[in-house]
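The two complexes that follow have subunit A in common; it is paired with subunit B in the first and with subunit C in the second.
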Partner chain A sequence: MPNVMRFILKRLGMTLVILFCVSIIAFGLIRIAPGNPAMLVLPDGAPEEAIRAMEVKLGLDQPLPVQYFRYIGGVLKGDLGTSIIYKIPVKDLIFQRLPVTFQLTVITMVVCLLISIPLGIIAGSRQGTIIDFSATMFALLGQSMSTVWMGILVIYIFSVKLGWLPSMGYGTWQNFVLPAITLGYPVAAQVTRMGRSGMIDVLKEDYITATYAKGIGKAVVYTKYAFKNALIPIVTIVGMQIGTYLAGAVVVETIFAWPGFGQLIFQAVGTRDYPLVQSCLLVSAALFAIVNMFVDILNSFIDPRITLH
Partner chain B sequence: MENNVLLEIKDLQVQYVTERGTGNALNGLTLTIHKGESLGLVGETGAGKTTAALSVLNLLPKPAGRIIGGEILYNGKSVQKMSNKELMDIRGKKISMIFQNPLTSLNPVFTIGEQISMVIRKHEKCTHRQADEKTKQLLEEVGIPGSRLHDYPSQFSGGMRQRVGIAAGIALNPELLIADEPTTALDVTIQAQILELMKKLKTQYDTSLLMITHNLGIISELCENVAVIYGGRIIEHGPVKDVFGTPLHPYTAGLLGAIPSLEGKKERLHAIPGKIAGATNLPAGCAFHPRCEMCIEKCKSQVPPMATVRPGHNVACFVKAEGK
Partner chain C sequence: MDKKILFSRMLKSKFFMVGAVLVLLIVLLSVFSPFIVQFDPVTNSLKDRLISPEYFASGLSGHVFGTDDLGRDIFSRLLLGSRYSLFIAAAVVLVAAFIGTILGAVSGYFGGVTDMIIMRLCDIMMAIPNLVLAIAVMAILGPNIFNLIIVLIVTSWVQYCKVTRNNVMVVKNAEFVKASQVLGAKKTHIMFRQIFPNVTTQLIILISQQFGWTILTEASLSFLSLGVQPPTPSWGNMIADGRNYLITNPWMVFAPGIALMITVLAFNFLGDGLRDVLDPKKI
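Up next is the complex of A and B:
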């Protein structure tokens, strides 16, 4: 498929332009924030000269354009800079943390879709029944709760009151449960709703009546002939959410002390670790763009009316 | 004649219940189709034609549409009483349907080949490859290159898509083919092509045809008999030659008078006054009486029964039945 290849090349080209803009914005934003890493690296009450010396050491005494071009020059050569706090290359830090976030993303998404897709189909095809009502309530609840509040709620219920699951950490399967619920529930809610409304719309279409008129049964119509039409908005949402998860589920990883990419970003911002913040934002923007590129390709395979260009 | 009845619709009443109110789409529709017969069902938009077609396959939109009275017998067996399995076995194999709008009746995300071969695979024991082979033959038969099997509906024009619909309809050589205004959504030149195709297929396949349309020309091209529907009831029924030659019901006469003629003296077109009787506010008595020039007192309160005026030619009209 040369079409797909051309699309990928074009998209990657566009992504480079986006990343260039992101690099400028990230560079600017973190420098607008009060304080600088030199002050935060040194102990409280360090003398003025020591701070100046540290600024010179970190190159922060240079004019901003010089600092930016030094940084971006390094990035173009594949050097994402060195973390001021951790004192190791940013690239190594990101490669340590990304897989941890990736595990959480995959597990959350798989569980979330296994629940929400069937739920959406059933609710949409049994509109007005008790099942539909329950599914709608499930979705409404999931979309109404903020991540922060839900994180605290599940910790309170499952860790504090019931004592079933650990509230923080990483390593065993139990550690996955609460972050995955907190991260996945709002998305499951959204997918359920999209699946439901998609099915309701599709089942009214003439081509579904035509399919029944051919003697095809309900089960096949729901899971194949109608479902494929209802799938497109779902793929789009899921793609965006995977992008967001990979780019760092900052809030959830922070609540549950999940040692992933999101927590890294959170810490980097807190310590004004300039190179780390800049490179993390750059990588997360790149991940988001690439995941969305795959979503567009996937959608074009599902629906032939969507052309890649 | 009586022995080879294929489909018998008896006093069928269908109701739609929606948020906007209750509508009576069919109010005692009675219709018989014999084996090998091609019957035209004519009526204006809203007369209940599509409802009648969907009722035969028990495919009324749920939960809005309901059969509240009467029955539909296919080969003597009530369609309403059939199990889901029996219905599925009949749909597409024994009775198949061609839909009105080819732009909406094909699934946009499946290939046209899949949409034809699914009916073959459902009813015949065969492999995907065999079904595809048969699909190719069917496509060729309706004038589409078999190589376009893997193309999607959006890659075809409206007329071509209706050919696909027809191919799926005739795929298993059904006993009854219901064509619900198969040409209405198409351009006039394409209409003629589709009509030619249906004529060709009709002679080739020994299928009974229920042709639903508001186009009287199509009926006279394709059908032997015609039934005129108004307000959810058949008001006139007979051989095409008789009904169109000497229409009995004032409504039928009105319909025929509304066709412009190219030959002869240019006359003013005859229009039927008033609006078609809606399903939500059906007039009492004969549904046509508020628009009828011949209306007598009786028409306003009583429903005229079907009366045979001459052999095979029936009409539901007090005035015409008495004046025979």
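Up next is the complex of A and C:
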């Protein structure tokens, strides 16, 4: 399908332009920061000459545009710079930490969708019942829960009071449970709501009435016709939530000492490890953009009405 | 819409009533907190460390939720913290809504190159996850309340811009706008006097939803010690302080956590309620 190809290429081009701008922002942000990065690398009270030498070594003596093009040139060749604090290539660090975050994110996402999609659809198709009321409450509460409060609350219940699960760390399956609940609940809440309102809207459509008129049974109407259309806003919201996941991961990984990408960003920012910070910002924007692109393409497959322009 | 109809719809919507009453209560509590607070919420008092909650055994003059690790009364800090959380959220939401609406209106009304530039700017802002950007900027600018407000504005105006733009583009083609153009009305007149009143409904709903988001984000940043700085209390940094004392006095976390939950819930209720009340389709 050449149409799809053109669409993908167009989206890809747009994504690249956005990422280019993000790279300028990320680079610029670090330069606004007070303090000399060269002094961070050296021990306290290093002599003036040592600081100058380090500036030259890090390329900080060059004018800003030169520094930027050196950086972006490196990025295009796959070199994201070297971390000042860890003293190893940023690329290695990010590749080390991303899978750890992905494990958490993917498991959370799968469990979250398995619970919230059926919940939302059932609630929407049985408006006004107890199931609908409970699902709505579940969703409203989830959207009002602060990640920090939720995290500490589950630690209090399951680690401090019941002693069932570890409050922090990484390695066993038990370690997954609490961070996954904390990260997943707000998203599950939103998906439930979208599913519910999507289902309600779809069931009002004329084509649903038409299928009934044709004598098709309720079960088939719901599963075959209504469900598919209620899915569209859900796919969009899940895609948009990837960004929230990445952001939420910073808080969740900090609370649960989860050695992932979020924690890496937080530490990098705290220690002013500028090559790491700018690459982390760029990578998170790239991930976000790629996911959103797939969401658009996926949506156009689910709903042929969405044109590929 | 007629005021009478609006009022009767408000009374009928459960979400709206619960939300409005709760929000009103929270705002009043925080405004009048200096008259309720019995203890100094900021100064340490090490002899009073980690006193257990007395709840309301001795009314408001006792330590209702006990004291924290530095001997400060948690209830007093909670109330003072509410002032910071609400003030920050109000400032952020109003300024962001103002900037976003103007840009959105301009973008939607003029279209063309202006629209393209503003929309691409929105795309770029939306490309970096909000909280990640906020964390980076806060760490770089240095955490204080002014910077916190700026960062939250920078990360949230896009929403208003997008919503206003889309609505303006729809209203722009309405017949009454065409009529004004034919009659020779100025562009600013058409934009602010004729189109704008028709897009306020969506804005009001968005503002009340964004209130909750802003309070949550502020709490996360303060929790990560990138927001409101101690000894100034905020619900986020109170939760951070309390996490190591979950066994001795869990109310150090419970009090701000529950307050945060109820406040955001109240604004979410209000937002949902407003949508029901203002939706012309639901009569």
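We take it that the second predicted complex is superposed on the first by the 276 of 309 C-alpha atoms of A that agree within 3 Å, B and C clash if a C-alpha of one lies under 4 Å from a C-alpha of the other, contacts with A are read in each partner's own complex, and residues count from 1 in each chain.
In this text, a residue touches a chain if its C-beta (ideal position, glycine included) is under 8 Å from a C-beta of that chain, and two chains touch if they have at least 3 such contacts.
As the structure is a computational prediction, the values presented were derived from the model and not from experiment.
*Asks:* May I ask you to decide whether A:Gln143 touches subunit B, subunit C, both, or neither, giving the answer as first, second, both or neither?
*Replies:* Once the two structures are laid over each other on A, A:Gln143 reaches subunit C alone.
*Asks:* Identify the partner contact of A:Tyr212: answer first if only subunit B is touched, second if only subunit C is, both if each is, neither if none is.
*Replies:* Touch partner of A:Tyr212: subunit B, not subunit C.
*Asks:* In the overlaid three-chain picture, which partner chain does A:Ile302 touch, first (subunit B) or second (subunit C), both, or neither?
*Replies:* A:Ile302: touches subunit B, not subunit C.
*Asks:* Determine, under the contact definition given at the top, whether A:Met194 touches first (subunit B), second (subunit C), both, or neither.
*Replies:* neither
*Asks:* With the two structures laid over each other on chain A, which partner does A:Leu29 touch: subunit B (first), subunit C (second), both, or neither?
*Replies:* Touch partner of A:Leu29: subunit C, not subunit B.
*Asks:* Based on the superposed arrangement, let me know which partner A:Met109 touches: subunit B (first), subunit C (second), both, or neither?
*Replies:* Neither partner.
*Asks:* Of the two partners subunit B and subunit C, which one touches more residues belonging to subunit A?
*Replies:* C
*Asks:* Just checking: does A:Leu153 make contact with subunit B only, subunit C only, both, or neither of them? Give me first, second, both or neither.
*Replies:* Second partner only, subunit C.
*Asks:* Thinking of the overlay built on chain A, is A:Asn229 touched by subunit B (first), by subunit C (second), by both, or by neither?
*Replies:* first
*Asks:* In the superposed view, which residues of subunit A touch subunit B and also subunit C?
*Replies:* Of subunit A, no residue contacts subunit B in one complex and subunit C in the other.
*Asks:* Across the complex, what residues on subunit A touch subunit C?
*Replies:* 14, 17-19, 21-22, 25-26, 29-30, 32-34, 140-141, 143-149, 152-153, 155-156, 160, 243-244, 246-248, 250-251, 254-255, 265-266, 269-270, 272, 277, 280-281, 284-285, 288-289
*Asks:* For the complex, give me every residue of subunit C touching subunit A.
*Replies:* The contact residues of subunit C facing subunit A are 120, 123-124, 127-133, 135-137, 139-142, 212, 216, 219-220, 223-224, 235-236, 239-240, 242-243, 246-247, 250, 253, 256-257, 260-262, 264-265, 268-269.
*Asks:* Under the stated contact criterion, what part of subunit A meets subunit B in this complex?
*Replies:* So the residues of subunit A touching subunit B come out as 204-217, 225, 228-229, 302-305.
*Asks:* Using the touch definition up top, name the residues of subunit B that touch subunit A in the complex.
*Replies:* Against subunit A, subunit B makes touches at 54, 57, 59, 61, 84, 88-93, 96-97, 99, 101, 104-110, 118-119, 122-123, 152, 154-155, 165, 168.
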